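Some structures are shown below for you to check.
Consider the two complexes below, in which chain A is the common component and chain B and chain C are the respective partners.
Right, the complex of A and B next:
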């Protein structure tokens, strides 16, 4: 309770900033939450949501765990190869790119993202998204939040934006931590792309950044799904568990070859497409498919969350 | 704020439903609508079209090829069987010859680029990995990103393309069309079957149908680019119906000259490089093995019939024939072959969607893209 109160105080500070069109349901009510909240008056609300999200100890702990994973992978690879020995040709299973780390520390970024993308990253997104509405409802703060004439639509938009920002922050946390560990433990230099072409380290860094953004975008669909689940219940824990459970269920469905026909519609289907940014020339098809799929999930579950949230009776 | 009437509010659930519905409709219908009718092209005879294919000299080309094969091979355990995801048998590394088998099942995406007969590049797009084959003059480089290995072959000056080691570069619509058109003779009916659009290009459709009833091939369709005469898509339908056994086609094609850099390859730092002389012996100890292999080559290859119902006949070498007769082998064979009897005696029939084989009990093998009856007939006639 007290934890949530603190940033809320911040919210009231910015109150005047979003003052003007406070009357009733705003015209933006028909806005799809997936789209950028255009009007400036959302900014204050959005900022307070962001502060709320990132001041949580839980969020910080999640980010800390994410930052620890590249360290773990890096140290394991370093010990396994005894310093400067070469890894044996990527033999055996493992996250993609793991065999390349000893040649170039930058590959730790790709390996870490490939390793965390199936479960870890989306799990943290599920926790944050699932808690977004249900957590406030459970703590009893949602009621007070809605007393202010912010409008439910705008509040939902602000929540969704905050979750999307968290997606990016979580991905960048993994990437930056991996980069630091990679530079410290392994040699860096020119980067060998998947096509066998060699590019400069600077271009490698640019591609790594693009990959981090692509991974963050991959999580948007789940963020919308989590937000929708979050509007269904008053229990933050239930929403988180449901979202993460859905993620695991979908990942399992994706691993069953007999269900080939439905795979293209599952949100993690194109997740590994980020690796296509390492081809020369870049292979866009899957990346664009991923973008479309995430956009679709965001649109469907975003509007579903909106329909539910604006209809909901909030008494707690 | 919550003053809107409840009915109106409940209608809001229609928004996500509409979005989802619209998406489903789009996904379902766009492929059908994306080709708004077949293009209107001047009439052309089959002969003219074939000539145009033969004369096509698109020296510059780049694009993306989608290849889907469903030959109906049984999933065998072990390397090469089933849909092995490659890479697992790292020993093979970047050797181009191993890759061809991989393409023989499932769906694959290839990116191709060509600049004249001496400079080509083919990349197989894999999940978080890529296999590239680059030919630049006399250098043939193969790079497998999964194992970070390079396979380098130097061809002697003036090598014919046909003599170069066969790799996945053979799996383009052009190559497939070339093979199919070679088989065109009086056992075949060739017609122009309308027009179509492939990879955004207007194309004629060449329809090749075997006249012989015992062929397993129902039809072969080749979409030929109307401007350049380059085959853009190759589809082989087996007689049994169902989906195409082989479907190779461009999903994207560009006839401008590819960047010269595309064909420049130098082994990446840290990659393991295998050098191979053109005679095929890798620098190492593989040569004696090859000698041994030679003894296992089937003897007495004979070709029966002509055109599409051609059947190859050969005798299993003694050792292999004994192996076939062993009880274990019989039991194994029994699982995916059928017993066949005829005037020739009895044997076992092994069928896929396209190629069938008949192994008689005395160790003679008949193989061809012909039906079971066709094989039995060939065996009967041979006795």
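Right, the complex of A and C next:
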């Protein structure tokens, strides 16, 4: 990115920036004049954080795995149904919507999201969120960011922003990959919704996009939880493992009927509510409950992460 | 925003203390005073509390007691105003191995909210040039040698013009050539007027580049002041070279010289600290008594002697 900046920065170098000696030499040993920061300069850290996240080999590998899942599902369904004809409903096994894929490739998007939401998608979020602070601490770069000075609150906000953007990127990766595979392997056309109404393919696409956003929002609670775990340790691997472990534990708790009473408070409780976007009219109640629950998790664990991170001694 | 008051002290701590859970204090009651424009050597064996002190100065660790003022403002409250004017190298460099040297610097520059993004590339280029890394700027940092990493860390500390540079063991792990280069760079920066706070466990390094020094041991400050005064604090031993060593010992004892030892034709002893005799009188007395003097003088005192005199122990012993 800096290479792209070069010519522009070189040109602006000519105008004498007030408060900063253009030559970079301290002026005769006297006080370096206080620099007047521009109002938007502090956003540089957010941009840097996003660039850093998506330049990591690990992030790209996770996205590649996510992109591969719809391909596997698509090929499996294609082979199973022998290429044409109508499969008979899939017999009630497998992810939701899988039976409709052969009629309409767009359903591969819904199937892929339903298949990855319980584990694969949140696992990737757990890895990225868990590593956010702990990884910097482990590598030692955290101390240099803080004396830069990034500011602890600003750094935490930048990290959270990057993780939330990753949630969206991960979900869109699954959705777009599924759409491409679906269009290539299966017929597409008008979409019959769960409520029986038929809408145009274009509206189906819009609803698919809305579903992807709803799924991404579903992951925000886990992102905040992972970020909190990340402030507790100096080992990125430990934070990732803990976050993913918590995810598995919560999913198991959610599957035990005797623990009915706590289920509404578990962050995956309303995850499958995205299917309600395929009804006409849309059934909002569960979707809004999900939004509220994710917001609650983000507030509680975001605050906990902030309280922990701003009071912590950085000894690595 | 009014300009910070100009003071002659760049770093000032009062009663600075850090006590980790349950243990003895890592730093106890530290009153440090770093004059503006000095190259300040911060000496002490490993484990003496140097790094904990530096981290408290920079706001990474919260003190258990006492206070810090840097560039005239309280830390860590004024960190946002103070730290952009402070460059730091803390316990060795830390880099993003998958980023190039140039992108590493751009990352640290972006973390500074007072850094203009429009001039970022120019700043990064200058810093790379200053530490001689321009040719390797495009390579991933994980392929760098330790010396190159150290230089990149220094480049990060030099991204902006600074009032104060805090360098924690900057020559650690470098070969002699690299150490010389770093020392030359420190001198150059000091000549520009930047105050340099240099922690080290290498006495000769401090002696070579520092104007002032403080000595820590077991979390406490033993002494601080100009290097010349610290060395003068420990008295040099009198050395007389003579074939008549027995006579020389007798005469010197009469003049109050203590701790006399004879090694062949070399007689050494401690000149009394209270009311010391003039060396010229001593020499005249020796000659009057028929002692044939080949050489007469005082051993030069190194900072190491001063340190041993202060701590009564070897330097590399950690507490």
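We adopt the following convention: the second predicted complex is superposed on the first by the 273 of 316 C-alpha atoms of A that agree within 3 Å, B and C clash if a C-alpha of one lies under 4 Å from a C-alpha of the other, contacts with A are read in each partner's own complex, and residues count from 1 in each chain.
By definition in this document, contacts are C-beta pairs under 8 Å (C-beta built on N, C-alpha and C of every residue); 3 or more make two chains touch, one makes a residue touch a chain.
None of the values given here were measured: they were computed from a predicted structure.
In the superposed model, A:99 makes contact with chain B only, not with chain C.
Of the two partner chains, chain C is the only one touched by A:140; chain B is not.
When the two complexes are overlaid, the chain among chain B and chain C that reaches more residues of chain A is C. When the shared chain is aligned, chain B comes close enough to touch A:304, but chain C does not.
Of the two partner chains, chain B is the only one touched by A:279; chain C is not.
Touch criterion met: A:189 reaches chain B, while chain C stays clear of it. Of the two partner chains placed around the shared chain by superposition, neither chain B nor chain C is touched by A:126.
Look at A:151: by the touch rule set out above, it reaches both chain B and chain C. In the superposition on chain A, A:48 makes contact with chain C only, while chain B stays out of contact range. On chain A, the surface touched by chain B in one complex and the surface touched by chain C in the other have residues 24-25, 32, 149, 151, 311 in common. By the touch criterion stated above, chain B contacts chain A in their complex at residues 1, 3-4, 9-10, 12-16, 19-20, 23, 64, 87, 90, 93, 109, 111, 123, 125, 127-130, 132, 134, 141, 143, 145-150, 265-272.
Listed in rising order, the residues of chain A touching chain C in the complex are 1-3, 5-6, 8-10, 12-13, 17, 20-21, 24-38, 41-42, 44-45, 47-48, 52, 55-57, 139-141, 143-151, 154-155, 311, 313-315. Looking at the complex, you find that chain A touches chain B at residues 24-25, 32, 86, 89-91, 96-97, 99-100, 102-104, 114, 149, 151-152, 189-190, 192, 194-198, 272, 275-276, 279, 283, 285, 296, 299-304, 306-308, 310-311.
On chain C, the positions that touch chain A within their shared complex are 1, 3-4, 6, 37, 55, 58-62, 79-81, 83-86, 88, 90-96, 98-99, 102-103, 106-124, 126, 153, 156, 160-163, 192-194.
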